[in-house]
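Each of the two complexes below includes chain A, the first together with chain B, the second together with chain C.
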Partner chain A sequence: MFEFFWPLMASGLVLAGISLLCFSRNIVHSCFYLFLVFIGIGLAYLSLQLDFLAVTQLVVYGGGVVMILLFAIMLTGGNEQTSFSKNILNKLQAPLMGNLKQTALALIVSFIFLGALVYFLFISDYFSMMPFSPQTIRENQESLTFSLGMILGKQHIFIFEFSSLLLLGALIVAAAISRPEKEEKESVKIQEEIL
Partner chain B sequence: MEKNIFTYIQQYYPDFILLEWPFAFLVFFLFAFLIINVLAIVAGLATYAERKISADIQARIGPNRVGPYGLLQFLADGVKMILKEDIIPEGVDKLLFKLAPLLCLIGVFFSTLVLPFSEFFVLFNSDVGVFYLLGLSTLIGVGIFLGGYSSNSKWSLLGGMRSASQIVSYEIPMTIVALTIVLLGQGLSLSHLTSKQGIFPWNWYLFHNPFTFISFFVYFVAGLAETNRAPFDLPEAESELVSGYHTEYSGMRFAFFALAEYIEVFVLCALAVVLFLGGNNAPSFGLDPSHLFLQFLQTLIFFLKTFLLYYIVIWVRWTLPRLRVDQLMSLCWKYLTPIALFNLVGCAIWIWIFKGKSIGQICLSFFGL
Partner chain C sequence: MMEKTLLLYQLLSCFLFAAGIFLIFARNHLIALFIGLELLLNASALSFATYTYAFSLPKEGYLFPIFIIVIAAAEAAVALAIAIRFYQNKESSHVADATVLQG
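Moving on to the complex of A and B:
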């Protein structure tokens, strides 16, 4: 009973969040519902006793991605530019999508993802062959975070360092792009002189 | 055996094993209820303390009418908040306007899930306690930003934006500094880090080596900025932004923001106590470690240390003037982040050279003791 409560609550939150996200007409509300979906996924990880993954989900997606999306919406003007006509075909489309072509594209992409999910979960035996599935670790009575740290620090150290290098590169490029250019500085100087 | 409140009570009532899940639910529910109520009272008393300490610093008397020494002032304030009219201004995003204060408050209450009040008085002894606590502060940032965005007011929006950028920026030095301690203690669990420290100050991580000593101050400054406390209270700068992200809020919705802020400061001080000041370690007097008296003694010591830090937070607020936005960002990116990175590398080198010994242990072995 108790062990079924959390997965049910998590999946309920995710499903409710996704359906509200799709049918909401306000893009900021959609962003908030996306936040609920991310928290639901975090709860699902927690119900599998994957603490570390749950917290990472909360920090990276719940905190970071939602914040970036909110800033993006705010800086691009929010929902003022989108307008919805009242004909039925447009109502059937996802509210935030522009036209039929984009809707068709979204449908194809989502069906590809659904197919991949069904293949990996039900048809192939990929997850049962994994050496560090949650079941094997729980049988070994080890802390999951501890074993995750050991795997990251020993077996996959190269990938780990490489990904951090990639992130560092992205950070430096972002800083370089967002730096004010020299011309702007000169114009600021001129303005100051005028003042 | 996992150490939390349920396993502690289970020791005394082993017969309830048949009714395991309703019993577990009851124990956790009651303990969570207790924690939330105690912290709400702590936040209320913190507003009283804030007014009284500021009065002391400015040579005034402060609240002294309601109850002895004005102690019940916060209850009067709370009743006033509930009785006030709940104003929802025109043109606001109603859903988000109503949800934002709740999001802040829920985020803060979630962070009390892993706080180790004593060895057994803890709700969930997580393996990733430090990471969890640091991660939740971004959740509160989302609440503050949504509150500012949905208010349909320039001042609120500016306050919310400032708060979001401030919280995201100061997360970085704070996380790196916490990582220094995690490196030293070799674990992310709060109770594990506590058990690695001792009762006396020379056993604490604060005095373990010079790098952790600097780390504490970096953590404290970053924490002040993270909770939007003065001198970093730019999101609610009265002289520029009316009142920041909660300008349009009134009554209990405003009180939720204030309550969330005061409890967040408590959580932050508690994390500082766990990471640097020895946590809930208490002398055992030769008793069994699971003795009830010891649990209460540990809780008392934990709260005393946290309140001491809380006093310093209030003291800083009424002493220093507010920073400018560019000064705030340059403090974070040009000073605190490099110092934190230097501390991380320095602490790693210290562990490698001295095999993880503290400065006190090295001195003792130097004098041949």
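Moving on to the complex of A and C:
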């Protein structure tokens, strides 16, 4: 019974997070619900004994991406554009968070996707192809961090270096894109005022 | 026991994917769309890790979630820089205002 505790807790966190995300009309609250989802997925990795993936998920997503999202929201007007009153009708009309027509369309499309995914999961005869008993995999499993380090350092060194180049490129491009424009006219005006 | 856990995680990744699609279709805010994209990437990463664990495939299978996380981090930096730049130019975060490249 206790073995089911962590998987159920992870699934509960993720399901609560995504349902809150889908019904939230406030972009800042959405960010915090996204954090809940990331913690849930990290717990899911942890319950499969994938320690390195769990830590990466929590550090990169929970610590990095959510923080960048919050900064981006604060720098782009924050809550002003998505603010809503307690009146339900106004709540439904927060323009940036979608209207009823869009929500209905999105519900239909996402249910089609969900149905297709679950259908293919069950017709793929998933269980009969599983080649192991759970005990054998636990005995055979060495530390994931060690084995991933060996794989990345020996066999897949090129893609590892390439991903570091990709990150560097993304960082430079992001800095170049979001650099503020030189507002020369304004600075001239300020100088004239000072003089 | 383990089979049930893995089926639970597969269903969870299906729900995550559907929620990401819902957010992309339902929202008009640039950053809300980005949140939907993150959910899609997370769903695929969880599915990769679960399948690799379930079929005791080679450990290379766990590289896919790691590279998905790397690409998501790079994408986050660039996408949010674009969102900030867009707001500086247009004073708006509505996707319908992004019409400069429209023919």
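Rule of thumb we're sticking to: the second predicted complex is superposed on the first by the 111 of 195 C-alpha atoms of A that agree within 3 Å, B and C clash if a C-alpha of one lies under 4 Å from a C-alpha of the other, contacts with A are read in each partner's own complex, and residues count from 1 in each chain.
Simple rule for what comes next: contacts are C-beta pairs under 8 Å (C-beta built on N, C-alpha and C of every residue); 3 or more make two chains touch, one makes a residue touch a chain.
From a predicted model like this one, the values you see are computed outputs, not experimental measurements.
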Which superposed partner A:G64 touches (first chain B, second chain C, both, neither): both
Which of chain B and chain C A:L144 touches, first, second, both or neither: both
Comparing the two partners chain B and chain C, which touches a greater set of residues in chain A: C
Partner chain(s) touched by A:F111 [first = chain B, second = chain C, both, neither]: second
First (chain B), second (chain C), both or neither touched by A:M9: neither
Partner chain in contact with A:M74 - chain B first, chain C second, else both or neither: first
Touching partner for A:D51 - first (chain B), second (chain C), both, neither: first
Which of chain B and chain C A:L121 touches, first, second, both or neither: second
Contacts of A:I18 with chain B and chain C, given as first, second, both or neither: second
Chain B/chain C common contact set on chain A: 52, 56, 64, 71, 144
Chain A-touching residues of chain B, taken from the complex the two chains share: 21, 24-25, 93, 95-96, 99, 126-128, 131-132, 134-136, 138-139, 141-142, 145-146, 149-150, 161, 164, 168, 188
Complex interface listing, chain A residues touching chain B: 1-2, 26, 28-29, 32, 35, 51-52, 55-56, 58-59, 62-64, 66-67, 70-71, 74, 143-146
Touching residues on chain C, where the partner in the complex is chain A: 1-12, 14-19, 21-32, 34-35, 38-39, 42, 45-46, 49-50, 53-56, 59-60, 62-63, 65-67, 69-78, 80-85, 87-88, 91-94
List of chain A residues in touch with chain C within their complex: 3-4, 7-8, 10-11, 14-15, 18, 21-22, 27, 30-31, 34, 37-38, 41, 44-45, 47-48, 50, 52-53, 56-57, 60-61, 64-65, 68-69, 71-73, 75-77, 81-82, 95-98, 102-103, 105-107, 109-111, 113-114, 117-118, 121, 126-127, 129-132, 134, 137, 140, 144, 147-148, 151-152, 156, 159, 163, 166-167, 169-171, 173-175, 177-178, 180-181
